[in-house]
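Chain lettering (A, B and C) follows the sequence in which the chains are written, and residue indices restart at 1 in each chain.
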Amino acid sequence: MTEVSPGGPSPPGSFSVAVGQSVRTLPWWRTPTARRYLFGYTLLAPAVLYVGLLVGLPFVFSLYLAMSDASVSSPVARFVGIDNFMSALENATFYTALRNTVVFTVGAGILKGLLGTSLAFLLLQPFKGRKVVRALIVIPFTLPIAVSVLGWKWMFDSQFSVINWALSRLGLIGSYGSPDWPVWLGQPGLALLSVMFVNVWRGFPFSAIVLLAGLTSVPPEVLDAAKVDGASFMQRFRKVIVPMIAPILFVGSAFDTVFTLSDLSIVYLLTNGGPDGATEILPTLAYNTGIRGGALGRGAAISLFLFPLLLPAIILLLRTLRRRQY
Amino acid sequence: MASVAVVPRTARARTIRRHVFIYLGLMPFLVIAVFPIFWMAITAIKQDADLYLVDAVPFWFRQAPTWKNFDFLFHNTSYGDWIVNTMAISFWVSVITILTAVPAGYALARLRLPGAENLGIGIFMTYLVPAIILFIPLARVVSMLNLQDSWWALVVVYPTFTIPFCTWLLMGFFKTVPFEIEEAAMVDGCGQLGALLRVVLPVSWPGLITAIIFSFTLSMQDFLYSLAFVSISEEKPVPLGVATELIRGDIYFWGSLMAGALLVGVPVAIVYNLFLDKFISGITGAAIK
Amino acid sequence: MSHERLAETHPTTLSRRSFLTTAGGAVAGLTLADMLTARQAPAQIKGTNLRLLIWSHYVPAYDVWFDKFAKEWGDKNGVKVRVDHMPHLELPARYAAEFAAGAGHDLMYFAGQILTGQYYRNLVDVSDLAEGLGKKYGGWLDAAKSAAQVSGQWYAVPDFFISIPVLWRKDLFASVGMGEPKTWEDLRKAAGQLKAKGHPTGMQFSHCNDANHNWRALMYCYGVKETDPTGQNITIDSKEMREALKFAKAMYDEGMTPEVFSWDDASDNRFLASGVASWIHDAISAFHSTRLTNPKVFEQTFVVPEVAGPGGTWNVGEPNVWAIWKFSKNVPAAKEFIQGLADSQKDAMQASLGYNMPFLRGQYTKPMPYLGNDTKLGKLQDQEKITAFLGFPGPMTPPAQEVVTTFIIPDMFTRVARGGAIEDTMKWGVGEIRRIYAKHKAS
């Protein structure tokens, strides 16, 4: 790994390594650090290039769109600065969409975290039929989203809902046509809850699996040591397990949050933002304005609106996590 | 059978009590996760008219169950093509993802590179760029590569959302590989690359499998990109095909829709589960040797 | 409750799908003979390729006929034709991608969402083709120009429009002593009385395509004008609009249930087929599907082209037009195809089971295909006299389109139905519309 450069003055920019009795000087590009960097960046290159070209460049393009008056028929248009963002703020529906997006993402995120954690713990225990349970639990996540959401559409149907049918047979609600027959996708609060529920239904198996991965990477010796030291389950949980899974939990949640924030399928297929904006979220508003309505610039501005808010939040999160690890 | 009222002292009683608690705890999860699947399965073999009977039991049949919906799927639509396309797309996307995310994950996990932290942040940021805007410049790229209306267009595009996530995932896995193993290999004479290939990768195969599985599932979720880039029926992946050809305005072919979803979702879940098992036992078993 | 009995369907051996497809198949046989007598296309297009994108028709039999027609036309003219179908609501996304890519289909279809005004700079000027068709077939309906012209030039060729009439239950109306409804008041009265008997009505108060059309029908019948005929000035802020909103609220309170807030485009079809609905305002695809899923209900279901309001009788149709991308490599074949299809309009109408309404006046000579032979649908033969399109009386401009895709009108009606004050709702709605139009003017 190191080379001996016999005699002569050291070239500028090189450094000397004392190895045993002799001093060996190396050009900077041959140092272990440099070789490590070279190796590392080479390994990184394919991923960075791929994503950089196919996402990074289009991202810059979408920033440009957000600051121009582009439409679907003329993506090269005049620069208008932050006009589109201002225009979004003038739109009352935008505030509704923003509020719904935050409620949706945070609410669903909390539920997924709680349910996912509980499920992960349960799945950690050895019991009969665990394999079958694990296989079943994973299905909501593996079904293509477009179709499983359509299934839910039928399950929430105002006339033929299975949920209502079951609840009605159990005597918990009245029959079809009575005032307490829930219209899942029609009553404002209920509609938002319903779309959130579908997101949680799809997502909590994913959270559980990620957590399971984290939990199983806790070295058993550490846990055993704690047990030997007389720690109770709660103490073991709080002092040993939580700190070890916290990074995975946070990063998993962060990913899930960004996935949820840009997902429009669930709302689009169930209610398309209705009734009267009760389930309108930023992605559906952006799609209906920018793509179906043709106003590309304004659509881009709406969909990128959260970006400046999330960027610092994520930077903060990752920096904090990194510090905790060292 | 020990009665629950008596505080169990025997190991067997403890086991049974534990099982009961676990099953009780799992019930709500199973009901929430599985009841819709069960309903979808029943719907897949129900006759259409049976679905619209207001007072019929949705969980059972008033008219005889039928394979007609599956039949329709395979004979009146290009479902067979769609399944093949989906599998092919997911396969190639996984290949591309592994080839790019494994080295990237390793570099970020192990090599203490300057700017690694910012790259980690960059990984997240890519998901904030919404597909509804991205698909327009990507349409240009697809057309430049002459891949319009071919499922290869999706093979090119899907890694944009599988690579970042899998990089992070693999980063996490590589971090758990003990440094000593690598050092041992390097002392034995392989370079850093050799250590990666010969030692680190084999040990982290559960992570690789997980990354592949996530690639698969993420690829099967997309709708917008396939809608924008593929309009030819035989080139469509399952989600696009099912959603565009089994719904005609006001006629939803519910039975076939559900059949189409289950046929592709359930096998993936089973495979997923097979590997999940190995992955978990692999980790707990081989931890630090 | 009576609706439960009616919900029992006969076990039909003839499924809905096979009925709709065999009908199409039977008709397809006619076209070959027709085409052999039609004009021959010029030789220059022989050996070329043509790619079409068209919507997935609500009557599946039509797509069967159309695909066959396209293939036979291609065979006859030596053109390799490829037809792709897509649900109409997703077409705009596809067109945005094709435009960005500079490649895609040669011939495309704007179904419901008319993008002529949006893309006209990139569409082939088809004035010669359109004028020719107009001359040949008795002239275009005035409404045709709204969907296909920009500044007097044709950038699209209208194909068909879809009518959205009233489908009503004769037996239910009779049970409260009412005959055929003639006005919106009649509909409201009937719904009010029948709701008490378990047969309410329903019109979507949600973010769906039908909501945009149904409420505009009410509006236009009340004399509301969205813009002036140029499409530039907004005239929706009027007494008539307030009256329409008031009426909608009354009709909701008296005759509907809250489930209408969750409805999508297909919900009213299901409502009718389940036997519950006293009447619905929907395209005749609901009529056809009820025939198959609930023959008992179907027997009692009749059609009224539209009911009158204080401002007249206007039915809101959904136009479908053809357009050719400038970047198409086969413009001559595309034009010839449109010509060939227009020459086969009668067969197309028959294949669509009366769903497609022509844009050319000459096609309205009675008896019209399918409609002329159906006692219930016969009245639709005069539909063109009362048909208007979104944006009426202005053309379907990009801002009008954006008002449609952001569901401002349905939202206004939803708010009022939920108990919102009319003035507040007007202020919000008109404000949003003005904002959108201002944005489009600025660019």
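What we mean here is this: a contact is a pair of C-beta atoms (placed from the backbone, for glycine too) under 8 Å apart; a residue touches a chain by one contact, two chains touch by 3 or more.
Here the structure is a predicted model, which means the values were calculated and not measured.
In terms of which chains touch, the assembly is arranged so that all chains touch all other chains. Between the chains A-B lie more C-beta contact pairs than between any other two chains. For the pair subunit A and subunit B, the distance between mean C-alpha positions equals 15 Å.
Rounded to whole angstrom, the centroid-to-centroid distance between subunit A and subunit C, based on C-alpha atoms, equals 40 Å.
Shared contact sites, meaning residues of subunit C that touch two or more other chains, fall at 93, 96, 100, 270, 274.
Listed for subunit B are residues 52, 54, 136-137, 247, 252, each touching two or more other chains. Multi-chain contact residues of subunit A, defined as those touching 2 or more other chains: 72, 75, 159-160, 291, 296. Only residues 18-19, 22-23, 25-26, 29-30, 32-34, 36-37, 39-40, 43, 51-52, 54, 57-59, 96, 99-101, 103-104, 106-108, 111-114, 117, 119-121, 124-134, 136-138, 141, 156-157, 159-160, 163-165, 167-168, 172, 176, 192-193, 210, 217, 220-221, 223, 238-240, 242-243, 247, 252, 254, 257-258, 260-262, 264-266, 268-270, 272-273, 276-277, 279-280, 283-284, 287-288 of subunit B touch subunit A when the two sit together in their complex. Residues 69, 71-75, 77-78, 87, 90-93, 153, 156-160, 177, 181, 183-187, 191, 271-277, 285, 288-289, 291-296, 298 of subunit A are the ones that touch subunit C when the two sit in their complex.
Those residues of subunit C that touch subunit B in the complex are listed here as 3-4, 7-9, 11-12, 15-17, 53, 56-58, 60, 82, 84-88, 90, 93-94, 96-98, 100-105, 265-266, 269-270, 273-274, 285-286, 289, 293-294. Residues of subunit B touching subunit C in their complex: 48-49, 52-55, 63, 72, 76, 135-137, 139-140, 142-143, 148-149, 224, 227-229, 231-233, 244-245, 247-253.
Of all the residues in subunit C, the ones that touch subunit A in their complex are 1, 89, 92-93, 95-96, 99-100, 113, 115, 118-119, 121-122, 198, 205-208, 257-264, 267, 270-271, 274, 276, 398, 401-402, 404-407, 410-411, 414-415, 418, 428, 431-432, 435, 439-440, 442-443.
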